[in-house]
Amino acid sequence: MSTRLITYREAITEAIREEMERDERVFVYGLDVADFKRTFGSGKGLLEQFGPKRYFSTPLSEDALMGMGVGAAITGLRPVNVHIRVDFLLLTMNQLTNIVSCWRYTTGGALCVPLTIRAVTGRGWGQGMQHSKTMQSIFAHIPGLKVIAPSTAADVKGLLKSAIRDDNPVLVVEQRWLYDTPGEVPSDPDYLEPIGAPRRIREGSDITVVGISWMVVEAVKAAEILVQRGVQVEVIDPRTISPLDYTMIYASVKKTGYCIVADYDWLTCGFSAEVAARVQEHCFRELKSPVTRVGFAETPCPTTRPLENRFYSNAVNIIRTIEQKLGLLETDLRGEEFYSYENKFKGPF
Amino acid sequence: MENLNFELYKKMYLIRATEEKIREHYAEDEMKTPCHLYVGGEHIAVGVIQALDPADYVFGTYRSHGIYLAKTMETDIFFAELYGKATGMAKGKAGSMHISSPRHGLLGVSAVVGTTIPLAVGCSFSQQYQNTGRMTAVFFGDGAIDEGVFWESLNLACLKKLPLLFILEDNDLAIHASTEERHGYRSITAIVRQYDCYVDESDTTDTEEIMRLTQTAIGHCHHNSQPAFLHFKYYRYYEHVGMNTDFHAGYRSETVFHEWKARDPVDMQRAKLLNFGMSEEEIIRFEQEVQQQLRESVRKAKAAPFPDPKELYTDVYA
Amino acid sequence: MSTRLITYREAITEAIREEMERDERVFVYGLDVADFKRTFGSGKGLLEQFGPKRYFSTPLSEDALMGMGVGAAITGLRPVNVHIRVDFLLLTMNQLTNIVSCWRYTTGGALCVPLTIRAVTGRGWGQGMQHSKTMQSIFAHIPGLKVIAPSTAADVKGLLKSAIRDDNPVLVVEQRWLYDTPGEVPSDPDYLEPIGAPRRIREGSDITVVGISWMVVEAVKAAEILVQRGVQVEVIDPRTISPLDYTMIYASVKKTGYCIVADYDWLTCGFSAEVAARVQEHCFRELKSPVTRVGFAETPCPTTRPLENRFYSNAVNIIRTIEQKLGLLETDLRGEEFYSYENKFKGPF
Amino acid sequence: MENLNFELYKKMYLIRATEEKIREHYAEDEMKTPCHLYVGGEHIAVGVIQALDPADYVFGTYRSHGIYLAKTMETDIFFAELYGKATGMAKGKAGSMHISSPRHGLLGVSAVVGTTIPLAVGCSFSQQYQNTGRMTAVFFGDGAIDEGVFWESLNLACLKKLPLLFILEDNDLAIHASTEERHGYRSITAIVRQYDCYVDESDTTDTEEIMRLTQTAIGHCHHNSQPAFLHFKYYRYYEHVGMNTDFHAGYRSETVFHEWKARDPVDMQRAKLLNFGMSEEEIIRFEQEVQQQLRESVRKAKAAPFPDPKELYTDVYA
């Protein structure tokens, strides 16, 4: 399978372009998608190629636009509804929960809702409390929705394509910093990744870290540092928040006996809680210590950098948690370079 | 003309008789689904749907027995759904508040006020996109226009020049609250007239007139590539949800009811048929057929099995 | 402390009446609150006593009405915003999450939002998928909100009064069937229950059941049946979903070694997951089996009774789960009477 | 008259100079907060706020440097907040998009479009309830009127006859999308005129005129117990967010900018002062004072400490 090194952003564009080429019923709409910035560049060239009929900006009316997607989806189209912040999806919660997720159920299976929703999670440079949320668990709590949060260029391409081809509503949460991360991505226009299946990002035998979205990057960084001390960290990216096949995660924890969930969200009633609840149930005998969760501070996201830095969890938190779990002395992290707004992820996975 | 009017009466009578059939059986406690009766509004669903092409699409609210029946003319699946049976269109999962019949163009209704309005926007966008020439009509109450999503949808439809009929079924009540208690303006049509769409309004109970007004509106839609907004006033005979009148509750006057009842849409339509020279016997024969159909539908619904327990888990994902 | 036997519904009315008498700044508003049905009777007499200035119905505009509550709350009033279904709160998610929960944070503590939100969860008689949700976890996921779900008459009175006096936004989720349950309620107009503290509903040494909302009733029923076989079930009602002091729950599980969470909600990313995640962390050594969760089926709520009955968990599910956990044979439940739409809870706790 | 106009100029110049000060320092990368500059709109905030009583309440959007400065006239706390310092009004937690000054009546602003409009409804309801006689003014952009919550709020305010000024700051753009691309109607004021409220509109850049129009509106509000809706057009000089012009991006024409620039509100106000006989020197002296104030504020902000790490966890709950 031939691959090329492209960014997460480019992988999004490719996924959409290929699906629009393949299927005339696919169209993209949302606030400002067609302006010259094209949703952080992720829509580059699409307006030019497909024209305003299939790629258009809209009024600021998130609630109605979500419903519009349903109406189009149940009559044969395959809408892709884009939101430049997950936070704005809150305006669509009524549609998402009372309509999108259950229109199929309510019609006894006669109709399906092949609607893809893309939403970006902001971070850094003072995004603040209204431009930084992920809230995957809120969406995952609703049966009938599928929720995915790809962390690599290959996965965002393969999963976004699967989402567009899926006959169900699929919400794609895209963390903003990931946009610049490059990765090897298959060239095959029918390359797909299955929704519902996790990916083992890195193999290890000592401890399992389930990392979500940007936290996959932090977990890999933690693993790279700890391997120098002989600690083998297995990093698993669920990629899908719901509905998820947990088999790979259980197998990993059964192997390592330890589990950390590094979520890119608040912990309370978060996806991290779901993973912890399931892992303790399915790996009860094998677990040598309780499942530990790291994530956002339980506060709104502050604007000022020093507090914002503390709001987020990162590789250092993961390293310290692993050390505690395994009874290791603290690694000297001076000299290590970590990710920040200025020093984002560069290399390919 | 006579044919048309008989056609209209057939639908109206079916709706009225079905609602009364529900009332007849409801106390038996087998239809375990909240019903919002449409009695008093038959002319609107029937008139509008008559003006539409059968292939056109329709969306409604929890008060949609009328549009279901006008679109499908069938009562077997309908009653099966109300009885919660496997033979209902959603195997009983939907109930009265979520009836649908996609193959007849009724793509669904919803019990959350205002929620199907944007769906209709999407449906009509889809027709424009696919160039099908089909209209979409969305029925909603005067309560729905209080919700922001109505205004967003209206703007979107006008902006996108969609082939869409907004049908405001105004019974002056949202549950028990009158429009006056809820609106910071005098006239909804005066407002909507400022949008790029066709607007008309009427408080007629003459079904043919509703049909003509709708036909005119559809003509404008096609001609000017614009949506239309039709404001129809009517009177809700029974309580908001349930089988009874509630004049004793004091929030509305029975006098007004009698004014409307004096021009009851079904009665008026029946009188028209007699005027056109149709015989009382002919009409009664038809009515008896409908009564027979309804008895049969209820019988079948009662006899039908409940859905298999595993149906709980089907139709969640495709 | 003198008490009277009153219903949950009457306890709500009393709580609001007393707080409105006590504090002129308290007012109640929301769709249809002032109509002759008065929100299932829970607002009986309040319009007559306090007049339309302090008790009024509104247009159908949930989003704006929530924001209106904030505007009133930050300028000295204490609004109580009523929703006859939790499902309609979805229209207010943007305000709840982007404004209500963080207005204090955003103003550096200069303003506070003493806003009480009441929302009722429907059930039975074909309420269906749009009139039956609780979604406590969705609200609890948001830092800055307080979420409570009282299950007894005394608790709804004491907690609702605390909510109205609280300087923070508090969401009260009221399950509809509970309205008719009677209970002994203190007469003291300053009787309060503390937000954040669980209540031990029933003592037991063999297993801990954490029951939420209506599931407290089911858990007590299960406990009453099992005690005849000598199984002592401890039932704890968290009463508060967030932020919650878990001490009592941990102590109980440490004592019994077994834990079941019976939530009145979907499980995925639900409050049950949070409880399970915390209990396995804090009672890791003491737990003799994993924390088990019971709750709604992972589907929209169907209308037809046979499926609706299966959608919900109940005392039988709790009994069977307990039996499995403790390695007991199945109790013969023929002859036991369980709760249903027709046979609701009657006796006092 | 001269005093008033100098007063107005003071506020306008402070806003303009502050925005330019931010531009001067932004590239240093220390103000890590997205800034939506108000340059070009100074007359609106200043004119409206001048018409209000100092005790009146104000709400805004993420583009609220203008209303903050017009309300407070202070820049120390302001710059401290932009620099994310402990001395900011929210100890840096708020940043440019969430500035507030409750003791000056600025109860908050928000970066989610439309969200403060219902807050203003609640605030004015609260004034009515408590009979304070205070007005509330809410500033919002032309993008906000696309959101359902605007319509819900407008209806609520008109229904409840609230003492509320809706101030539509219309720069014809929501980020890069023109109103024409977004609206299915020709005139927002034509629509709002159908509501039970006072409506006026203007594209003046004369601050005094804005003030007079607002005073008239407030008079109507008091007299008729109604809210007012004021539609003010202006031109956004810089990009939506950030420090630069963006005429190269092609979504708007620089020609139009020059038309507006020719009647720049700050320039016009300055010219007025000269007309009234104020000397160039006097004006420059004042301007230099402001420049000095701003230099001081920036210096203090830079020198101030960041908030203590534990501040992350404060102010979540009361």
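Note that the chains take the letters A, B, C and D in the order they are written out, and that residue 1 is the start of every chain.
Methods note: contacts are C-beta pairs under 8 Å (C-beta built on N, C-alpha and C of every residue); 3 or more make two chains touch, one makes a residue touch a chain.
Because the structure is predicted, anything quoted here is derived from the model rather than measured.
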| item | value |
| --- | --- |
| Of C-D and B-C, whichever chain pair has more C-beta contact pairs | C-D |
| Chain separated most widely from chain B, comparing mean CA positions | D |
| Chain C and chain D: spacing of chain centres that average the CA atoms, whole Å | 42 |
| Centre-to-centre distance between chain D and chain B (centres being mean Cα positions), rounded to whole Å | 47 |
| Whole-Å gap between the CA centroids of chain A and chain D | 37 |
| Multi-chain contact residues (two or more partners), chain D | 88, 91, 93-94, 98, 110, 112, 146-149, 152, 155-156, 159, 182-183, 316 |
| For chain C, residues contacting two or more additional chains | 58-59, 61, 63-64, 87-88, 91, 94, 98, 105-106, 129-130, 143-144, 243, 298-300, 302 |
| Contact graph of the chains (line, ring, star, complete, other) | complete |
| Contact set on chain C toward chain B in their complex | 31-32, 35-37, 57-64, 87-88, 91, 125-131, 297-300, 302-307, 310-311, 341 |
| Contact footprint of chain D on chain B as seen in their complex | 146-152, 154-160, 182-187, 190-191, 194-197 |
| In the complex with chain A, residue positions of chain D that touch it | 32-34, 84-85, 88, 91-98, 110-114, 143-144, 146-148, 174-177, 181-183, 249-251, 306-307, 309, 311-313, 316 |
| Residues of chain C touching chain D in the complex | 27, 53, 58-59, 61, 63-77, 79, 94-95, 98-99, 103-112, 114, 143-144, 146, 166-168, 243 |
| Residues on chain C engaged by chain A in the complex (per definition of touch) | 87-88, 90-91, 93-94, 96-98, 101-102, 105-106, 129-130, 133, 135-138, 140-144, 242-243, 266, 268-274, 276-277, 280-282, 284, 287, 289-293, 298-300, 302 |
